[in-house]
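In the two complexes that follow, chain A is the common piece, with chain B as its partner first and chain C second.
And now, the complex of A and B:
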């Protein structure tokens, strides 16, 4: 399949800094403005029909990246190229006018929060059709809603359509959220930790649903997660984020089975293993302390205060990106040959 | 058309749910009962009232009797009939003024809270301006300027009441617009107007409705106050104008003190009823209060 390798989304040196709100007095006393450097210069590209995973702990900037990609936040700097067109500087109005809303959708983490409690499932799922003026015909809207509800396995659809969110379980709510994202037949969907709020027993079925839409509707995903186990289940390629930077990129298989960056190694070794024999054999890498504040991140390599292998240079200079093998890169001084 | 019947049923179910929570509050039921009584009285005034409230049907200041249960006024008009007809004006002024205030306040509050920035600053300063204007003097001056008419009274009361609604709605909007479902709607492609109408408005409406109940009360009292000061509409019978004439004619010292007592009690009754309802609504609408009770 030649189409496989076509790039759909390209993120080039993306920055998103949020100004820190300060009181009037503070602004007077301290001259410089402070920023939360949520995303601090990241680059990656997503191919068509790919599930690209963005992983990292909370506060690493992965959700912010997702919000920038769907146009909820404007990038501070950097380029986002979608299907060959630069969309990074478009205003919200331009987004709509260019029909990007129909192509790019998002699934949110918390299905208890992402559905308006005063709307019925029908109204929630119909909203993208209505606001994008896909059709004005009420019958057609209802038909399309019922069809997508069937597809996300909310059956009988005619019954679920008239329920309110509080009458649904967490998994059913997330299916509604997926139906809302998919009703416009989007090309690219940002899935922000879509299963992290759900019971372990229903995670797989929700993830299977995401893969169903890739198989049948050619949907490309950016899958945001802190959980490498689900990342491995759905993902093709992965980027590991730490404090606004990408520390390692590669195929999910390479990165999870053969992690190079100390941070990735720590993440991988923190996956619980059910077999105690394996668990004992496993080499554990533990990081000291907590993730530092993104307002004033450590100089040099961002991990160096917590890294068990930290060297002198780590605290002075930012590590370059090193290619371990084709398609697998890591940003760490350990792999720089000198 | 099976789908339609399901839809109706679900909508209906929500009303039932609300009613169940509401009917658990005893004060709310009492308040609602009294309000129902007043409302029926206002609607069916021509049939209930024993006499034409403006017609001379007896002697001057007749004490209560079988023909005139609350006696008569200085012109020999029946007090009971006047009180019954007065309900119409009081309710009309109260409800319309509160509706107008709620509409202005909601619009200003939602726009201010949703868009923030310069719009917010501008609208909130205007709101502050209206909030710090001393209410009663302002109302008196305005109603003198606009002239004595029931519509002017409604307008004046709305002008003085909307800022508090605006503040309330703004703060609620501020928290609503950060909610995930609003962001989800934006990703879906909804415009600001669509989000305000479909996501913000339905979620502030219960709070506005609850606050409106209290606005109605203060509007009714204000109307009575204005009329008592002689700024009311002299052509309409309201409890306020009754009090005004009763006071002017020295009713308390006359043979029929009910001329002044009856409209007073009517006012107290309707005020209490609305306050009861507002308490009950607060408990139903505010989930935190509901939890505490359990």
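And now, the complex of A and C:
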């Protein structure tokens, strides 16, 4: 058998539904319970040392997927295999016992909200070491924190260690968040929009930093973003989400420069291009109306009410996943040969 | 013949006098906008974009104040007008789509009535009923279902709320609309539709627009001319093609090199070193020098002069200063 690249994370038909809170009377009158179908049956796999991008617009289920993968949310249904072991139904205790809290980390979007304003950088970054009982030796903790601060280029580390978050710029705060995620030498990191709150001139240096940890520490990433232009610069493969489903998967270069699903085409054609002449000629593919509620997503293909190419079947049946070239798949009736 | 100038800002300084020091948010800025132009003001967070916009609206919040310079709007020098005189011009000559405005609509008032109120306040209509009628027309103009005038903000999506805010800015038919980050926080597909709407209205009505944004690609898509702001100063201006294809200032070049594109060959992204300065104590000389790979000794000592690069274009950088200027300095 040919040797395949090793898979680190495998997600198989994953669901995450959130119950909608309703009053007793509403439940009585309307009967059935309602759910926000945030993630509604998605599958993908991430290879070791890969940067896998999960992209899509607001509310498509990206963060929810990320939270399930790091154990912050329990899946409603489906399987997650991590490094060969099924971790989908582990209790918190088991999660910790297997060392997953050390191996899997998450970096959040907002460097302003994700750091405790009353803690010094030293304490923020040391927290994972203490919570996971890596060591109690104060000297060793400080040494490890200073070392990781150097690595994320918060230098001089001895100065930054004693600052509070409000004494840092947005870019520096995101470096602290990265240091905290990396201090335990994780294998797998979910980075949820790590640069979308940052200014253009400092984004590239934060992305360089994520690359550094892949090169030197073999970190594997799930990189969550709504920004396909940036995705192209960091990612290897990508999945595009719409209303809790994956509509297209493939190498980032294929999907972003040659999108096939009507939703991906609309998304890509809406991205502003830093090239005025190209921008003036550009044709956009427009979707009708607005994104429907994930409580009652449209029947059949979820895009059909907005899709410029919708056919009869699209409103009746969910499209199958079609492989249009090796590694590039689209879930759309347009590509089903009949 | 030169087309009419709608806005002229000359050597404007706007400072915030805080207890922890003077923030030189807008420091010797000059800018002009012609009738029917869509001009972009692009710069990073904290560079002074909103402050400049507040000054043009004569709404600089305390402890900020216009320190010197001139703002001429449709031929009227508004810098020295009384608050009462300014109030007559605000919304009718110049209006503003405030940063984040879609999240500060009054939650307990129908959106149509919020527009009617603006109209009523300025005496543009006699009663709410007439105001609502105009609100419906405005909704059509910005691509909203006119029936939506009866909605409350929470019943609308982010994109729809932003359209309401745009309708409000257009209510009194101003010569100039300042749009401060009008699409930030919206999805790209919504953003594209909103920008189309602004562009279409601008072309149809001949209104002038000052688009404030940190999003360089967005600027490439919609603007005629561009002002690049860095740390309280305009470092470069030119028409949109010039800024993107032949940028002069190292900061503009750096920004363009740091911005990813989803088309064309994949180039390497080059990160600009460092971060923008604190405007309470900006670096001496050129404010960009600590991050600039072309910095020369003079850049650390003296502020760069303004060098013309076209009839209306300039760059403020020692690399382009004439030899005579350098010798004197």
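Before moving on, here are some points about what is shown:
The working rule: the second predicted complex is superposed on the first by the 334 of 338 C-alpha atoms of A that agree within 3 Å, B and C clash if a C-alpha of one lies under 4 Å from a C-alpha of the other, contacts with A are read in each partner's own complex, and residues count from 1 in each chain.
Note that in this section a contact is a pair of C-beta atoms (placed from the backbone, for glycine too) under 8 Å apart; a residue touches a chain by one contact, two chains touch by 3 or more.
If you're wondering where the values come from, they're calculated on a predicted model, not measured in any experiment.
In the three-chain model built by superposing on chain A, chain B and chain C fit together without any clash.
After overlaying the two complexes on the shared chain, residue contacts for A:225 are found with neither chain B nor chain C.
By the document's definition of touching, of the two partners only chain B reaches A:158; chain C does not. When the shared chain is aligned, no partner comes close enough to touch A:63: not chain B, not chain C. Contacts of A:132 after superposition on the shared chain: chain B is touched, whereas chain C is not.
Residue contacts after overlaying the shared chain place A:88 against neither chain B nor chain C. For the combined model, the angle formed at the CA centre of chain A by lines to the CA centres of chain B and chain C equals 80 degrees after rounding to the nearest 10. By the touch criterion defined above, A:264 reaches neither chain B nor chain C. Contact with chain C, but none with chain B, is seen for A:277 once the two complexes are overlaid on the shared chain.
Once chain A of one complex is fitted onto chain A of the other, the partner contacts of A:174 are absent, as it touches neither chain B nor chain C. Between chain B and chain C, the minimal CA-CA distance in the chain A superposition rounds to 9 Å. Residue ranges of chain B in contact with chain A, taken from their complex: 2-3, 6-7, 9-10, 14, 179-181, 183-191, 194, 198-199, 202-203.
Interface residues of chain A, counted against chain C in their complex, comprise 57-58, 169-172, 199-205, 207-208, 226, 228-230, 232-233, 253, 256-257, 266-268, 270-279, 284, 286-287, 290.
Across the complex, chain A is touched by residues 44-45, 157, 159-160, 187-193, 214-218, 220-221, 240-241, 244-245, 254-256, 258-264, 266, 269-273, 275-276 of chain C. Listing the residues of chain A that touch chain B in their complex gives 70-72, 92, 96, 101-102, 104-106, 108, 110, 113-120, 127-128, 131-132, 142, 158-159, 161-164, 177, 180.
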